[in-house]
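One structure below.
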């Protein structure tokens, strides 16, 4: 998907329109969205101008990968890589909904070819490799294609000695690819460890939700780990834990703030400050001379 | 102190003789010691044959450094190094008992020149550098001389690519040398880190008691950490903690067994098995080719 | 062997065995028909088991892999290795008994050993948390990986877990971080790594010590991105359709060999490894020794580069429309 | 400035100040004698303070180093640095607010920053545990040291702690191990390290971030193997003889320079750093910038070798009877 299409893609996102007459191409003043935090209605235009952060309660709404790239990369600098990698259906999965159908639906819905976009970009003038996951695409779960794109992002960063910035959002492994999906955890972790050995910086930004095999692999192997306010970040989902331990979970469990307190995240950063923060971090973290 | 004098030194150790008529050179059958664990009396001869472990309750009595070396090193292999290093009195310390007097007393009492003995030795046929601290010598606290001897042990191990085995027992830093004593923690830790960089194995054996600045430096920077049963191992002593938190401490707090449970020690090993265990460990841990 | 546990699909066998046991309790002297019936039943049991086990479904294999009498990591360690030294603790929080870590000697080779450790019996299982490690277990494993790497000691791992323990403490103490750090360390470890799937191989908790240069799978062991029950729960809001999704998940030893992820399968006797542990232990020993032999003589750089290439090849995607 | 806290040895000054305040509340118009007395008192206060501070004892300096209004790590970070990014967490158990860790820019130089963080006021002090780190704090510090080493970022540390927190949790979570690992990392860190003693420098808890290529001490800061109270408790079973043992412990900035452990002293105004924080902050800034400049341009190997040589020379012993 070329960069020029993204603004359009952004327009096409499906919020919860209070006004169901919403027209995609040209938003009239009367289009509202409802904040999932405080439940108040907000002009969609104001909401988007505020980067989908509720002006009232600060709730960060989920955003898609193209929007994420727009928010992080310096204008006009993003050049997508590996855009032609997409999932095969290696196991011919038909349990529940056939995987092939799910893939087609996801592609049609998102205009993307997979659950992650990667490419070269600049952030605050720093040349980087940038990747952003898109939860709309089968929960941005990590199958072979996502694993391959992430691995290539690490390899590109290594080859060009560019810092890597990855924005995660994922339901975890893509079970429709069975054990091949599990193995992507090892593959991406190996690529991350290899980048670290070469002294190239890697900053990860965990957004809502990041879970399972993505959390337990490349996502947390970064030099600096940032997260958006309120983002849920976990290995095991809360329902499974509740079923196992037969008690309810503490308030705020598995939020970004909870994880900061427990020592796993460097900082919770407001989306509106993310680009500046990443840029500043990259001022400090220079790819070491090997 | 030459190795030949050690057997004699061992005879001269001051247990709590039930029979105060005890003669040092030739123990008659009537000499008993009292176990500090079960309070039962034991023939001293039986007790020593059992390596000062109570045959009844298994309590490991504290032993001195020469005995420790005898128990660990293959017979006749120990060759002391740096025997002529001893403490100066750099601060001319006179608070409480003058340091110079304490040093003289300790030397007279122990026949040692400092709170640690170091040397080349073999354990189960493995050439090693071996060090053992002696609590009788001003609590085997770490002043400049002890720090220097430990540092040289690390350096000798590095130079000759011999594994290092250190047996600790210490009250911590030697306050009579003020901040110079504190800095020995950094010096010995630097030496330990340097040895680790070179891939030379280092096994430490924590014995009763090991505390303060010794615990918080070279003692725990080993590849494998063993401890004797019941040994108290700590950073801060229990009285200071009780005074700070104003509550009493849980049973077994700061014992070797407590530390195993909390993940800090690889194994608690009976003194009677220590030599075999260290030898076996050294079968596995070969000094890596640099 | 006392029959304490019957797997669903072995019910028909169990019924015949009950019948046989009842007959055996009778006095057969002067009752040649009874004796003949006993003989016939014994043959029938063997034949039925052979038939059942000649084509076990994925879900049936999962059940076999979980059989309580199945040989456990501890059995392998005690039987295969001599001079075993357990090394405990993560140097940060605790010692997790669900994860074994140590050193041992196998056929004269000195190796480091890691393994998920299920217990035998309820008490031991509780202490070992049914083989489901918490962050401490993974951090201990990582520490021993690093030790092996530092001293050039090959690593052998035994996989037998449903996965990392899904509890509050696990999340609070960063189980995802602990697993990821294991993976980063293990995938770059400059010594040969041989992994053996002996029973369950559930998700990230298995993977954390399950990536190496060779993967040996017992015939009825599984290795899966998710347990069939959990997968069924997600797809159908109903865990009981595990038998349907198990084959789709490609989790059996055969699946893994077909996908190029496992290198060899150690056959199990009809009825599963617990019916003849000695033969299985011997076969595993042979396979591990052979694998270690194959991996000998490489430089540290070669080992790491080959493992990366092996991992790099994992996965099937479409590229450029192909 | 509100006088909230009076140090024992400043009582005479406080009394004069009280008197002065009382006089000032009177109406001095048409009372030239009163005005003259006020002037005289003001001069007397200044002279008395100058006299007292011209020869502070070690124990008096310890009191000054603990003054609640004394500039804290946070003040140095906020004043000296721009573009500060705090980095939190030990990646294993928690984030310890008694230890600051982050990145910042000082006179155009990008550095990593560590510092013991006492609070201001009771509430903040409780959150920050009065600047006494637990194992998490040291593990966070070590993580940031490693980050600095990886990316070649010089490290600046600010020391201000009575020591590691002596609690059950500290021991349970291995505070000794955490400190030792800091020391191992810090002493071998391949980037320039500049340490600044700004207040208290108590024992291993200070040392864990207090070893480097330069040690700058504020005039009234201390660095000691043990607090004078604790030393007095050990020697005399009585903490109140701290004033006697303080000089013996060789803990003042001057002692450290004399022993070759500290490189320079940043003078404080009479009354201590809190009487004129701006001048002290400026002087510290100047000293740190100069030290960083001095340490520039060395290779990683040179840095590590020189630091080892520096540490190697620490200590005074007798050898061969000399």
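The letters A, B, C and D name the chains in turn, as written, and every chain counts its residues from 1.
We take it that contacts are C-beta pairs under 8 Å (C-beta built on N, C-alpha and C of every residue); 3 or more make two chains touch, one makes a residue touch a chain.
Predicted, not measured: the structure shown is a model, and the values here were computed from it.
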item	value
Result of counting contacting C-beta pairs for A-D and A-C, higher pair	A-C
Per Cα centroids, the chain farthest from subunit C	D
Distance from subunit C to subunit A - Cα centre to Cα centre, in angstrom	34
Subunit A and subunit B, separation of their C-alpha mean positions in angstrom	54
Distance from the mean Cα position of subunit D to that of subunit A, given in whole angstrom	43
For subunit C, residues that touch 2 or more chains besides their own	91-93, 139, 173-174, 177
Set of subunit A residues in contact with two or more other chains	196, 262-264
Touching pairs among all chains present in the structure	A-C, A-D, B-C, B-D, C-D
Complex contacts: residues of subunit C adjacent to subunit D	91-93, 135, 139, 173-174, 177
Subunit A to subunit D touching residues, read off their complex	196, 199, 201, 223-224, 260-267, 277, 280-281, 283-286, 288
Interface residues, subunit C side, partner subunit B - complex	83, 85-95, 103, 110, 136, 139-140, 147, 150-153
Complex contact set, residues of subunit C against subunit A	164-168, 170-177, 179-181, 183-188, 203-204, 207, 211, 223-226, 230-231, 234-236, 244-245, 248-251, 255-256, 259, 261, 307-308, 311-312, 314-321
Touching residues on subunit A, where the partner in the complex is subunit C	84-88, 90-91, 93-96, 143-145, 147-148, 151, 173, 175, 177-187, 189-190, 192-194, 196-197, 212-213, 215-221, 234-236, 240-241, 244-245, 249-250, 253-254, 259, 262-264
